[in-house]
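What follows is a single structure, written as C-alpha cells, with notes after it.
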C-alpha cells in the first residue's frame, strides 16, 4: 500500500500549471456571470434542448471518465489481482476529482440551486420513481465514499510527518479506517454499478425523442458495459500519460492486460448493441438516418478498432499504442453518451442546440481545475507508485 | 479461462438477466382520479381569435415575450416562459385548422415520474401543477415530456418552470380556467373528464363528416386529461401532436427500474456478496501474515 | 324638386324638368360614374348615352317584401333617386313610386314590356311563394309566379334586389309555410335563363344597386358576379375581412355583454354573435345611405348576416358564427417552430477546442510511442 506509493515532488507552478490556472479562473468568472445573469445569458440551452454539454459531458461523460477507480477496484479487490494494486490510488484520485467536478457542474447547471440541499436531506419529499433521484443520491454517497478512500493518502502524510498531535490522530484514524475499509470498498463497487447504469435508464423516459438507434430498454446495461470499458481505458490513458510526463517507466505489461480486459468488455457491449438493434428491427436505420448514421458508425468504429487492436502484439508491446487505443475507446464511450443525451435527442422539428462560448469555457475551466487538482495531489501526496529517479532528458 | 475472466462474465450475465426480467405487472396503467377534470379542445370550432392566449397571460401574470417576432410585440410562437398556451395554425388547401397547445395533464405523466423532489405532481382534479419550493430546476421534466410542454425561464437568474396548470388557484375558487371561460366558440371546454370524453365521442357520432375519427388523448401515452378533436382531413400529427402508443409514457422506464431494483434485492445482495468476499480475503491475508 | 309624370308610352326621353341645365346634368352623371368607381372619362360616355336618348327601361316588381329596399333607394344622394329615374333610366313600372294605381299601372307594365322586348331591366324586390301554386302572393289577380314568368322571360337582365329576392329572405326561414324562394331558384324552375344579378341584404345597400344599374346603363354589361350571382365588387369579401374592429378580434378583445366595458370601448362583437366572419357584404366600407357610421357593427350591434341564406333568420342572432374553413394570416405561428440560428462564433470555438484536443492527443500519443520504443531499446541494451 503506502510503501509502494510516494509523492513525486517537484515544482507545482510550472508554465502549464499556470496556464491551467488561467483557464480555471476564466471558468470561475464565467460561473459568477452564470449566477448573476441566468442560464440563458451564458448558455445556448433552450426550450427544445434543456440539457447541453454541462449534462452530457461534464456530468455523464465526466463521471464515466472518472470510473477508473471503479474499474481498478473491481480488479484488485474483487478479483484479487494484486499486481494492479499500484494503479488503485491514482484511479481513486481521478474518480474523486471527476465526481466532485461533476457535482460542481450540476450545481452550476440546475436553475434553482438554492433548493439543492433538499435532495439529500428532505427524504420525505423524495419521488422514489425518479431515476434521476437515484443518480443524485448515489453520486452524493459515492463522492463521500471516494474521499473516504482518499483519506489514507492524507492521513499517511500526517502520520509520517512532524506534527505529533496530527501523527496520533492519523494513526488512530488509519487503524479505524482499516477495519471498515472493505465495506467502503464494497460500496465503491456497488454505487457506480447502480448510478452509471441508471444514467442510461434516465433517457429511456424520453421515449420517441431519442432516435431509435439509441433508444432501447437495454440502455442501463449498455451504459454499464461501456463505462466498465472506459474505466480500464482511463487507467491506461492516465497511467501512460503521467509516466511520460514525469519521465517514469511505462507499466506496459500491466496496461496491456488491462487493455485486453477493456476489449472483452467492449466486445460484449458491441454484441449487445447490435443484437438489440436487430431484435427491435431497426438495423435498417443504421445507414438511412442521415447525419445520425455517421455518428452511429463513428461510435462503432471507435469501439471496435481499439478492441481488435488490443490483441495485436505490436500494440500490446508499446505504451504509446496502448495510449492510442485507450483514447479511441474513451472517445467512443464519450460519443456514445453525447449521442444518447444530445445528438440523437430530437424534441421536434425546428429546435437546435450548440454550446455557447461561455458554456464551453466553463466546461474547460472545470476540466482545468480537475487537472490542476490531480497534479497537486500526485506531487504532494503518495498517489503514484514510487520508483527509481526519473531518467534524464524526459519531458517533465 | 482465468478465474477472473469467468467471474467477470458471470457478473455481466447476472446484470443482463436482471435487466431482462422486466415485470409486466409492477407498473399498472393508472386510472384518472375520480374527480378528474379536463379540457376538450375542438379544432373544428376554433377560430384562432387567441382570446384564450390573452386571458391565460392575464390570469398568470406572464411577461411580454421578448424573443418571438424580434421582441417587437407580444406574440409567442410556441410555448415558453411567456406563454402557457399558444394557438398555432396548420395550412392545407381547403382544410386550414388552428390548434391550441398547452399541458396535456396526462393521466400517467412522464414529468411527474421524472421529478426528483415531487415538484410536479397531479394535484386537485388530476391537474399537473408545479411547486417551486421543491423544484431545483434540473429540467429533467422538460427532457422527458413527449409533448414538449414544461418550459424554463432562461432569462432569469431565479428561474421557474412554466407550464399550464389548468388554472388550479381559480378552479379551487370554483371558477373556470381562463381559456375555457373566454372562448367565444366553446372550442375549449372545461369539465369533468368522463363527461368530456363522452361529449367528444358524441360529437364524433353526431357529425362524422366534420371530424377526424379519433379522440386524441383518450389512450395516447396512457391517456391525457386534455382531449383533442380535429377536422376531417387533418390528422393529429398535422396539428403537432405526437403519435404515441397506448402505453403510459413512464411504463418502459419503470419496468426497467423495477426489473433491476425490485425490493432492492439486487443491490443488497451484490453488496452483501462483495462484503463477504472482501472480508474472507482480509481474514485469509491476516492468517497468512500471522 | 322635379315632377314626374308617367305617360302611356313606357319609353320617355325626359320627364318634365324644371330647368335642369347641361352642366347640372353632367354633374349628376359624374357622380353616378364615381359611385361606380369609373374614371371621370366614363362620365362622358354615360352622358353621351343618355343624351342619345338611350335610357333603358326598368320594370320593378314587388312580391313578398317589406319594401325596405325601395325605401333605401329613395334615400340615396349620389345620384339621388330623382336623378336616377328622371335622367338615367326610364322607370316604367314601380308600384311604390307610381302616382298611378290599378288598371292604369298595369297598362304601364304591359306597354313597357311590349315596347322593349328583350331589352328592359327587370328588378325584383321580394321573394316568390310556390306553395299551393303560389296563391300566397297575388298582384292584380295573378300569382307572383306567373308575373315573374311573364316579365322575366322577356327581360334583358334581371336584378334581384334584397335578400328576399336573392334567396327567399325572412319568410323563407323555417318552416317556410308559403314556400318562399329567391328569384334565381324560381327562374331555374321555370326554365328561364337570363343574366341574373342578386343583391342580397336586408335591406340591400342601395349603392350596390346603383352601381350595377349604372354600369349596365353606361357600359351595357353587368359587373363580374360570383357563383350566386352577387357582384364581386360588393360581395367579394367577408365583412370580417374589412372590419374596422378586426384588430380587436385578432388580439382577443371582445365585448362580452351589451353595455359592458368592452362593448363601450368598441371591441369586437364576435362573442355577441357577429356573423361578420361568414357574411359576404361591403357594409363596412359602404355605410348605409350616406350616413357615416350607419351600419350595424358601426353602431355596436353584431352583424346578423343578412346577406347570407345560411345565416340570416336561421342562425340565432346572438349565436357565434361557425367558421368551417378559417384563413389564418401568415402571422400565425406554424405548428412547428422555426429553427433558431446557430452562432458561428460558438461553432468556431467548439471546433477549435475539439480539434486542438484531438491534435494534442495524436501528437502526445506519437511522442509516447517513440518514448516507449526508446525505453524498450534501452531495456534491451541493459538486459532488463
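As written, the chains take the letters A, B and C, and residue 1 is the first residue of each chain.
Heads up, the rule we're going with is that a contact is a pair of C-beta atoms (placed from the backbone, for glycine too) under 8 Å apart; a residue touches a chain by one contact, two chains touch by 3 or more.
Values in this document were obtained by computation on a predicted structure and should not be read as measured data.
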{"item": "Chain pair showing more contacts of the two, A-B and B-C", "value": "A-B"}
{"item": "By mean Cα position, the chain sitting nearest the middle", "value": "B"}
{"item": "Most distant chain from chain C by Cα centroid", "value": "A"}
{"item": "Geometric centre distance via CA averages, chain C-chain A, whole Å", "value": "73"}
{"item": "Separation of mean Cα positions, chain B and chain A [Å, integer]", "value": "32"}
{"item": "Distance from chain C to chain B - Cα centre to Cα centre, in angstrom", "value": "48"}
{"item": "Residue numbers of chain A (touch at least two other chains)", "value": "46, 48, 348"}
{"item": "Shared interface positions of chain C, touching two or more other chains", "value": "336-338"}
{"item": "Contacts with two or more other chains, residues of chain B listed in rising order", "value": "78, 240"}
{"item": "Residues of chain B touching chain A in the complex", "value": "3-5, 7-9, 12, 15-16, 19, 22, 78-80, 110, 112-118, 132-140, 142-144, 146, 148, 151-160, 240, 242, 244, 249-250, 252-257, 260-261, 267, 270-271, 274-275, 277-279, 281-282"}
{"item": "Touching residues (chain side chain C, partner chain A) in the complex", "value": "336-340, 342-343, 345-347, 349-350, 353, 361, 364-373, 375-376"}
{"item": "Complex interface listing, chain A residues touching chain C", "value": "44, 46, 48, 240-241, 244, 249-250, 252, 317-321, 323-324, 327, 348-352, 354-357, 359-360, 364, 394-395"}
{"item": "Parts of chain A lying in touch with chain B, wherever the complex brings them together", "value": "35-41, 45-48, 50-51, 75, 77-81, 106, 109-113, 115-116, 118-119, 122, 125-127, 129-134, 136, 182-183, 185-187, 189-190, 193-194, 197-198, 201-202, 204-209, 217-221, 224-225, 261, 264-265, 268, 272, 345, 347-348"}
{"item": "Sites on chain B touched by chain C in the complex", "value": "44-55, 68, 75-78, 86-91, 94-99, 182, 184-185, 238-240"}
